[in-house]
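Would you mind keeping the following structure in view while I ask a few things?
Order of writing sets the labels: A, B, C and D. Residues in every chain begin at 1.
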Amino acid sequence: MNDLINELYQEIILDHGREPRNFGECDPHNKSADGHNPLCGDNLKLTFLLNKDDIIEDIKFTGEGCAISLASASLMTEKLKGKKIDIAEEIFNDFTNLVSGTSEDLKVLSEEDSLYALKGVGGFPMRVKCATMAWHAFKSALKS
Amino acid sequence: MDKSKFLNQNIRNDFPILSKKILEKNNLIYFDTAASSQKPNTVINETNDFYQNHYSNVSRGVHTLSVESTFRYEDARKKVQKFINAKSENEIIFTKSATEGINLIAQTFYEKYMQKGDEVILSLMEHHSNLIPWFFLRDKYGVVIKFAKINQYGEIDYNHFESLFTDKTKIVSLTHLSNVFGTELDKKAIKICNDKKVPILLDGCQSAAHLKIDVQQLECDFFVFSGHKTYGPAGIGVLYGVEELLSEMPPYQGGGGMIGEVSLEGASYADLPAKYEAGTPPLVEAHGLGVAIDYMNNIGIEKIIAHETELTKYAFNKLNELDFVEMHGGENNRNSIISFNLKNVHSHEVSSFLDVEGIAIRAGHHCCQPLMKHLGVNSTARLSFGIYNTVDEVDKFIEALHKCKEFFNK
Amino acid sequence: MDKSKFLNQNIRNDFPILSKKILEKNNLIYFDTAASSQKPNTVINETNDFYQNHYSNVSRGVHTLSVESTFRYEDARKKVQKFINAKSENEIIFTKSATEGINLIAQTFYEKYMQKGDEVILSLMEHHSNLIPWFFLRDKYGVVIKFAKINQYGEIDYNHFESLFTDKTKIVSLTHLSNVFGTELDKKAIKICNDKKVPILLDGCQSAAHLKIDVQQLECDFFVFSGHKTYGPAGIGVLYGVEELLSEMPPYQGGGGMIGEVSLEGASYADLPAKYEAGTPPLVEAHGLGVAIDYMNNIGIEKIIAHETELTKYAFNKLNELDFVEMHGGENNRNSIISFNLKNVHSHEVSSFLDVEGIAIRAGHHCCQPLMKHLGVNSTARLSFGIYNTVDEVDKFIEALHKCKEFFNK
Amino acid sequence: MNDLINELYQEIILDHGREPRNFGECDPHNKSADGHNPLCGDNLKLTFLLNKDDIIEDIKFTGEGCAISLASASLMTEKLKGKKIDIAEEIFNDFTNLVSGTSEDLKVLSEEDSLYALKGVGGFPMRVKCATMAWHAFKSALKS
């Protein structure tokens, strides 16, 4: 098997792709947004509950997509749950840098983070949009 | 498998990109011709030669380079005319793409012949480029769009199609060869339109390089295709329209080259085909398309069809044998295109996996989101063939597909 | 003549066509760059290389060739963005030509911001491509067009221009560099528009390769140009628009690539810039334009301007000395273009005569019929320069012009 | 001087270009048409009087254009005056063949005809429209 493929599809990705965590809709929630990849038709709906201390109390998603987009959404919800907004935004920045191949100065993500498993997407530039779809939905939900 | 039907593999030497190594390792197997075909040496070299020896703007100057450019451009028009057997050169309009061609017809046909409440018939399996231009008419002018159903074989339900016609039906626009199923439109669809005296536009994007096109025999009123899918350069498309209609319809874009006389108060327009070609056209690209047509003619359209049909049949049967594969559409009446899904594996995964093996297929909605919805999938994987593809490549692909399935089901 | 301002003549070796013999005898002297420029080797070779090694459709597939094509295409967009100093890549739309760009703006700007009776301001010296798209609005929707007068130097009469504004003035569209006079639009025209908060479109066809373009400094709202006039390939144009406007205006053509989600009931549209790029774009041509921009940047825009300005001045003075020549426009504020007539000799005769001597100039109305009427001529002869032209060529031209005059006055 | 130029601008062409014959408007006339070359803005107005025997009794033109278009119009009027329509149409066919370089089988025009002087236009393909403008106006006037 080719290295690029093994790097892209690490065990944790395949696992989260098959069985996404936090799949569903937050009830109650006060933030939501749709994510959509016009290139392939993949889409998701993200909902979360932001409390008065700006902490993400709960976060979930539904939708359909490839293993990369599902795993990325699933790992994102795991990572962001319980985080304060400003930190979540830093994670957003780190993550988008990581998957677009500019991963030198990550501020908050480290190799130990499960999200780091998505680094292999950098080897497949047309897949970056799969990996970032949930994240852009998160960003636009923040503005909603 | 009838080996006598296949083209001589020397043809592959005409396409320089086929000797490329993907990821510095694997030979390229290009199964994405429906998205865009690769270019033979003659097309590439003639593009070169045009810029190196003959280039200037067309139609406007009286100097030698202007003559050489104009004659190349107009010669390309003649080649296209013969290629699709149009009655007159005036019926051949160069556009930038098939998409532009459909937009041009939708807008100008509406302006001349339609009004609020009039109806257009499309089908469920049209490409976005044959949907959105009509959606614009719906949104802007209150035109009604009706969609013909399709059956499980990827064919239009012709009874349903016929039932959609009313007195208000003004135009029909259908794909001549489905870019998802590879199924060819039956002539009876055109016959129905002709009988009802409703003009029909054929979206020939996928048929132009894979079927024999004779617009007079087809009896279609409009036909569009893209050069880049017919072994020609990017940036060039063709719109054919019967002269009666094109000469009555208003111009689409305004600018240099499409005018007669201009004053501050108004303008008269040039005769066909210039009337529809505002601005400096993609002249080198038109010439390249003419060269691509020569190239196909030299091989022989019949031989191309035989090769691709046999290869498609072979690949279809191979895929159909695999229990982990779900096929879309039927076996018959299919040319050069096959869509499928791997059970439980998203088409993106299939494409990325194959890519690393050197195999380029397409994954996604193929610009047919309504069809995807109808099929109950959000994307498919698609194989599409050109004259350069071989049985050996199909075998390698099937082998890789087994590996792919193993990998994702481990 | 300040020889230090001229570019090194080695530049000529970059353009293969310049070694062509016209009628198998005379060296080509190409003075028709305003109609279309010649192409440097890098542009030709990169076009080649794209087709030979990296070609497929853009944005749609996930395979390697799709990546390579998409990145080349989007990289070209970045180069254009830097070249004209746009704020964002979202403001750069690839079209097939400047003509298409103006049509796109006229139509979509009207749909969003205008209604019957609203006014557009143009000038008397606009190219047909900056007239007819607005005439369409007048004919279809009852928009009013006002024309700014010009003075004897080929400049807009700015007082008259300013007097044309009313509450109903919604957009202004002016040539940035006249394709007949070579005169540059004064910044005060833009300032007037900015002060009155009326968006202004600059037709940059003739300026893009001959002036330093900084759309933020210019403070224009829209800017269009054609690749084929800027040492790039045929079939590619650029439309710049400020993001606020482009994101509010509706899409122009519909089709693949410009959509978000599509159902039978309707569609949402992609974000900028894709929203305005329906169908497969001229991807190889866009890349070629990017290469042409690199080429110009390597030489240095300032050096290009110095060279062409000096050469234009030289040629203007030489021509102005001839009593059998009638000049159009003034001496100052002129770049790369000179229009003239030989007394009692039609410009066609001049061009055919010079052609046989190897000299390509343009004769005709230059797609400016209203301006010709204003000048009281039915055509002019036009010299236009590019980076490859030399003083020596101008001298040969002047010599040939003497012969021409003798011949027709014999 | 170059041969091509001398062939294009034969003495008779320059002469008719400078001083076109039959310049003006036929009064009375019963046929007319405008000719126009959109590439350069040249234009003319052709008028003629067709009598009941289908003979062109009088024919004139006005307009502006290059030497080739004026000379061609001038020579045309000289040639067509007094001709019957069917012969005029044969002359039309011969002439368009002559200037577009397919002058093998001319039916009615011979080298002695003054119109033959326009053969040199064949060497300048972009000028063919100059030479045929008046002729196309004649053709469309016939239909009027």
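Please note the rule applied: contacts are C-beta pairs under 8 Å (C-beta built on N, C-alpha and C of every residue); 3 or more make two chains touch, one makes a residue touch a chain.
Quick caveat, the model's predicted, so the values are computed rather than measured.
Trainee: By mean C-alpha coordinates, which chain is most distant from chain D?
Mentor: Farthest by centroid: A.
Trainee: Is the number of contacting C-beta pairs greater for C-D or for B-D?
Mentor: C-D
Trainee: In whole angstrom, what separates the CA-based centres of chain A and chain B?
Mentor: A distance of 37 Å separates the two centres.
Trainee: Let me have the rounded angstrom distance from the C-alpha centre of chain B over to the C-alpha centre of chain D, please.
Mentor: Roughly 45 Å separates the two chain centres.
Trainee: Would you mind pulling out the distance in Å between where the CA atoms of chain A average out and where those of chain D do?
Mentor: 76
Trainee: Tell me, which residues of chain C touch at least two other chains?
Mentor: Answer for chain C, listing residues that touch two or more other chains: 23, 60-63, 66, 259, 261, 348, 352, 355, 363-364, 369.
Trainee: Can you list the chain D residues in contact with two or more other chains?
Mentor: Answer for chain D, listing residues that touch two or more other chains: 39, 41, 43, 124, 127.
Trainee: What part of chain B is in contact with chain A in the complex they form?
Mentor: 23, 346-349, 352-353, 355-357, 363-365, 369, 372, 378-379, 403, 407-408
Trainee: For chain D, which residues count as touching chain B in their complex?
Mentor: My answer: residues 36, 38-39, 41, 43, 124-127.
Trainee: How about chain B: which of its residues touch chain D in the complex?
Mentor: 59-63, 66-67, 70-71, 259-261, 270, 274
Trainee: If we count contacts the way the header does, which residues on chain D are in touch with chain C in the complex?
Mentor: These residues of chain D touch chain C: 1-2, 4-5, 8-9, 14, 39-43, 64-68, 124, 127, 130.
Trainee: For chain B, which residues count as touching chain C in their complex?
Mentor: 16-17, 20, 22-23, 28, 30, 32, 35-36, 38-39, 43-44, 47-48, 51-57, 60-66, 96-100, 102-103, 124, 127-129, 131-133, 135-136, 139, 145, 147, 226, 228, 233-237, 253-259, 261-264, 266-267, 278-285, 348, 351-352, 354-355, 359-364, 367, 369-370, 373
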